[in-house]
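Taking it in order: structure first as structure tokens, then the write-up.
Each chain carries a letter (A, B, C and D) given by its place in the written order, and its residues are counted from 1.
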Amino acid sequence: MEPRQLLRNMVRIRCAEEVIADVYRDEQQMRTPVHFSIGQEATAVGVCAALRREDVVYSGHRCHAHYLAKGGDLRAMVAEFYGRESGCASGRGGSVHLTDQEAGFAASSAILGEMISVATGAAWAFAREGAPRVAATFFGDGASEEGVFHESLNFAALHRLPVIFVCENNQYALGSPVDARQPPGTSITGRARGYGIRAEQVDGNDVQAVYEAAHKAALHCREGNGPYFLELDTYRWREHVGPHWDHELGVRPRDEVESWIERCPIRRTTQALRATDPGIEDAVAAWDREFRAEVREAIALAKASPFPRVEDLLSGTYEN
Amino acid sequence: MEPRQLLRNMVRIRCAEEVIADVYRDEQQMRTPVHFSIGQEATAVGVCAALRREDVVYSGHRCHAHYLAKGGDLRAMVAEFYGRESGCASGRGGSVHLTDQEAGFAASSAILGEMISVATGAAWAFAREGAPRVAATFFGDGASEEGVFHESLNFAALHRLPVIFVCENNQYALGSPVDARQPPGTSITGRARGYGIRAEQVDGNDVQAVYEAAHKAALHCREGNGPYFLELDTYRWREHVGPHWDHELGVRPRDEVESWIERCPIRRTTQALRATDPGIEDAVAAWDREFRAEVREAIALAKASPFPRVEDLLSGTYEN
Amino acid sequence: MRKLTYSQAISEATVQCMEADPSIVLAGQSVDDHKGVYGTTGDAFARFGSARVMDIPNGENAFAGIAVGAASMGLRPLVVHTRDDFMFLAMDGIFNLAAKWRYMYGNRGSAPVVMRGIIGRGWGQGATHSQSLQSLFGHFPGLYVATPASPADAKGLLISALRADTPVILLENRGLYGLEGEVPEEPVAVPFGKGRIARAGDDITIVAASLMVHEAERAAEVLAGHGVSAEVVDVRSIRPLDDAMICESVAKTGHLVVADTSWARYGFSAEVAAVVAENVPQALRAPVRRVTPPDCPAPVSWPLENAFNPGAETITRACLETLRAAQDSVPEIEDVMAGFIGPY
Amino acid sequence: MRKLTYSQAISEATVQCMEADPSIVLAGQSVDDHKGVYGTTGDAFARFGSARVMDIPNGENAFAGIAVGAASMGLRPLVVHTRDDFMFLAMDGIFNLAAKWRYMYGNRGSAPVVMRGIIGRGWGQGATHSQSLQSLFGHFPGLYVATPASPADAKGLLISALRADTPVILLENRGLYGLEGEVPEEPVAVPFGKGRIARAGDDITIVAASLMVHEAERAAEVLAGHGVSAEVVDVRSIRPLDDAMICESVAKTGHLVVADTSWARYGFSAEVAAVVAENVPQALRAPVRRVTPPDCPAPVSWPLENAFNPGAETITRACLETLRAAQDSVPEIEDVMAGFIGPY
């Protein structure tokens, strides 16, 4: 994918999340917890750009960006936040249970690490079918501490399954920095290598680097060489859950947050493109207007859409 | 510990298990599953010889050897197999729930991997107390695949806890060889290093080598340097559970079993000592007679001992 | 009709379903070994080989999720846990993923995994290798939970499970594997939620699941000798539960004893009592009795284990007490596991 | 008496117990952060620092075992799970280790871990972040399981837990944290197994746990306006369960409604109904009613979530139906979580 397109995709996600965050905070009408990826757009965009439509993506609680990057329907996502029947999970799942099967965004879920195993299972199905499909799963540095990480990587490596494990290391789990949770001098990538899995640690705020690594990973999987592991270093700007900034609450050091804002993946790509593409800043500004309007429209549409009917409360629990 | 003493301890365990296996099979009176370590005595003896009485040992389902090596009461173990009130767990636990607190054999249990976490917790308590005590936990190659392995090693390494992780790699879990369960070209030791844990792979049928490695490990822990990992390669001669030989059932290749019998840790140590200690073979023969008599006596005693009273069925469920 | 043991029936259902549906994969620790999970997986392995009968590494937690992921992509994993106790490690995948998958993604697809869990009754299996977890599994919407008591149901319910579009937990008691019974050769599905009157009677209803159905039948036999006509209801599946059959029986007999291998508190026996208290309380002519293990972990020592496991004798006494009849002549009834040759 | 919120009461009990007993260590994911687990751990962190209020890595499975190992060696871990749903990952440690430790090693020692699990009611917490797991925990011998409904009990039961020599699960509903009530300043232990008559009445008994006690009280208020005198029994702990109090109340009123946030099937409400069916069935003058969530996972969309969560209105209707009274005048009663400001 062209750098310009990568940039555009990041801008769209940023716009969506920023608008949603404001409305979420001001209106209190999206009654579901929200975990924003503002500042982390390059990981979602870079990885998904390297995937095909028939490849599938899984994610965790912080999933909006992955959903959008894989081509998930924005309107259906916003409607889900508003709990509408037109939501991507018909209002049953909320912001942490996004799905868009047509776009190949299989599922996200809110129990840490779960989807590492589920994606492995999808890859197992693909491998058995002999389909050249790849499953990719995003999860955090925190989720990598769960036992399911170990068991899944072992299984995937043993059976050479076409799954890309994408660890978004945003340095924190809730308010807890990664070095308070993992032994000094070690890395998640290092642990992944312990299973014989090809693993790479990449600057997660460099969308081009992420894209290239993911491209290599997808090829590796598709050619039957087994799983691939990517650790992408990045940072979330906002609080763990919700629309606010947490350095204002003293959770993380202000200068740490600011140093990462300096490394904004969107600004960085824009600057990199400026030399060869002098109109890029205007383009970004135009995209920004375009996408904010798109999101506001999706919000208006969602609010005008009907809620699920209470009579349908039970339906979907069992097959019919 | 002197090689002669190590050898004697191995002979005692071998005698105990062989006698018990015969009686178990012939009498059908020990109504509890039994997992023999025949052929694996060097791991138990080598590690426990390097520990102090106040250090504690944990084990899994295959625990008789560890219990005896740590100084657990043979009579109480045998009585436990017979379900007697005088059993080491008062007949409540059976062969997989051995305990001898005075000897520092803390506990064994039959759910794979559990005790990796429990030993880590004990080490956590020791570290907090500032006590120079060490916890060691034996587990198999199979148990190392469980998620609890990953989570426990992470915690132990992060907090530099005095725990020795002893993986007895006997090449099988039930009928499943290790290379059917773990990715090629990788090792359990390699994975342990991923947590920054000092780790060593040692010939588990060489009791001297095991002892020396464990000695180093215990010192490392006691000096506050954090956990230590030992992978000990060995082999069980008998079937997974029960007194029989399984190559007769076609479970494992006869020549594989035989090649490991060739490497019998007892024979090997005896041969190694012969040069400097020409009376060693006679000593072994004498020990053999002595220990077999000891075990038979323990069996007779157990059979003459009372069962728990049915009125006491509930007691021990709650504090009194 | 031709007879099979309970384990042969499971084996036959597995092979027939795998033949009919190439998407079925049988997976579990050492399902491919010489014992073939007590004779239930060996035939499938012989027929389909390691590509479809797959030994898996230890790691129950991930494998539950792996099965869900595969099932949602069209595979049909049949996962075997040689003790249901190991499923504590798989509960996140079972309850947070499998049971909720269809609902929480807005009815857009399913993850129809099938899990067999074996209850390790007897021979000193002890506290962590002999628990009956039906009551736990029964609590959660989104699952079917079956507890076949007869070889025919072991076959028929497994067939239903492998055709369902809902995740299914099948609990099998190890003590049943040797039991013989008539089993149709063709793959006849037994539906979930339909109980079975294992024995008809008028004076008292004994509701039971799995192994306890046999204990109840043995008790009914003894009771007949006392002039008591007991009706035995085999629920077959505990989710859905055949409320109607239970209530009809109790409406007729006026007396209820529930027999179960799981603990009383918040258990299967509580649910059956509640169903009656909700629907036909006025029919009860005496208090409900629960015959279950006592409120402690399972001990190993055999006199304790014998006292722990509820059996025909306890059921018989409970029925007679419920009917206020004399009990002094209840004979000692041997435990179902008597004569078993170890190690298990 | 001085008033505290439910979360302040937990915080106070924690600090007082940690002061009295240096072996207590409070551990959980981000227990040391600015939110301090909804205000329940911040004071302890401020007072005792990171040596005794410890952020832990993610890994619920191992940490349950770590806590058991530490407890068996004399530490007293108080482990916090910010959603009880995460405890599915810890169930092997809870049920196979903690609950059985004392018994299965022959009464030679104990592993008295205390685990707090928070039920994430409301604000679209959804299927995997708002389950009430009391019925599961209640099933297993070897544990105490408490469900405090008032600030005083939140304090008193936590104190009992931290002094017990048996492992304890405390379930707290997030919807209760803001609730105020009188709480003694001194550390007064509330025993397990003793219920509380939250409101006395004569016509019907409402048995409830945790948050549902308040819904029951609100329902009782409305019922009083209908001339119905409802007695509300707060069980306080579900293991042991105060059978006697439940039976006495039903013996008096002849009518029973059980209100619970966990599912009906094989749940708390089943057990309460069973206790009555076992002990005082003849007292029942009408069928028992269970007011619980419907048999589906928790949805997110708020009209569905409202319909899913049982509340005062449903309880009121159930009581009136039980008493066969007219229902047309039941007012709409706002959900307890109304007015809550997100994100949670």
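Heads up, the rule we're going with is that a contact is a pair of C-beta atoms (placed from the backbone, for glycine too) under 8 Å apart; a residue touches a chain by one contact, two chains touch by 3 or more.
Since this is a predicted model, take the numbers as computed values, not measurements.
Listing every chain that touches chain A and chain D alike gives B, C. Work out the mean CA point of chain B and of chain C, and you get 35 Å between them.
Taking each chain's centre as the mean of its C-alpha atoms, chain C lies 30 Å from chain D. Averaged C-alpha coordinates put the centre of chain A at 42 Å from the centre of chain C.
Distance between chain A and chain B, defined via averaged C-alpha coordinates, is recorded as 45 Å. Listed for chain C are residues 56-57, 59, 61-62, 85, 89, 92, 96, 103-104, 126-128, 141-142, 295-297, 299, each touching two or more other chains.
Contact of a single residue of chain A with at least two other chains is seen at positions 87, 89, 91-93, 97, 109, 111, 145-148, 150-151, 154, 158, 181-182, 316-317.
The touch graph of these protein chains is complete, with an edge between every pair of chains.
Those residues of chain D that touch chain A in the shared complex are 29-30, 32-35, 55-62, 85-86, 89, 123-129, 294-297, 299-305, 307-308, 341-344. Put simply, chain D touches chain C in their complex at residues 61, 85, 88-89, 91-92, 95-96, 99-100, 103-104, 126-128, 135-136, 138-142, 238-239, 241, 256, 262-271, 273-274, 276-282, 284, 286-290, 295-297, 299. Note for the complex: chain D touches chain B at residues 25, 56-57, 59, 61-75, 77, 92-93, 96-97, 102-110, 141-142, 164-166. On chain B, the positions that touch chain C within their shared complex are 24, 28, 30-34, 83-85, 87, 89, 91-97, 109-113, 142-143, 145-147, 173-176, 180-182, 241-243, 246, 249-251, 307-308, 310, 313-314, 316-317. Within the complex formed with chain A, the chain B residues making contact are 145-151, 154, 157-158, 181-186, 190-191, 193-197.
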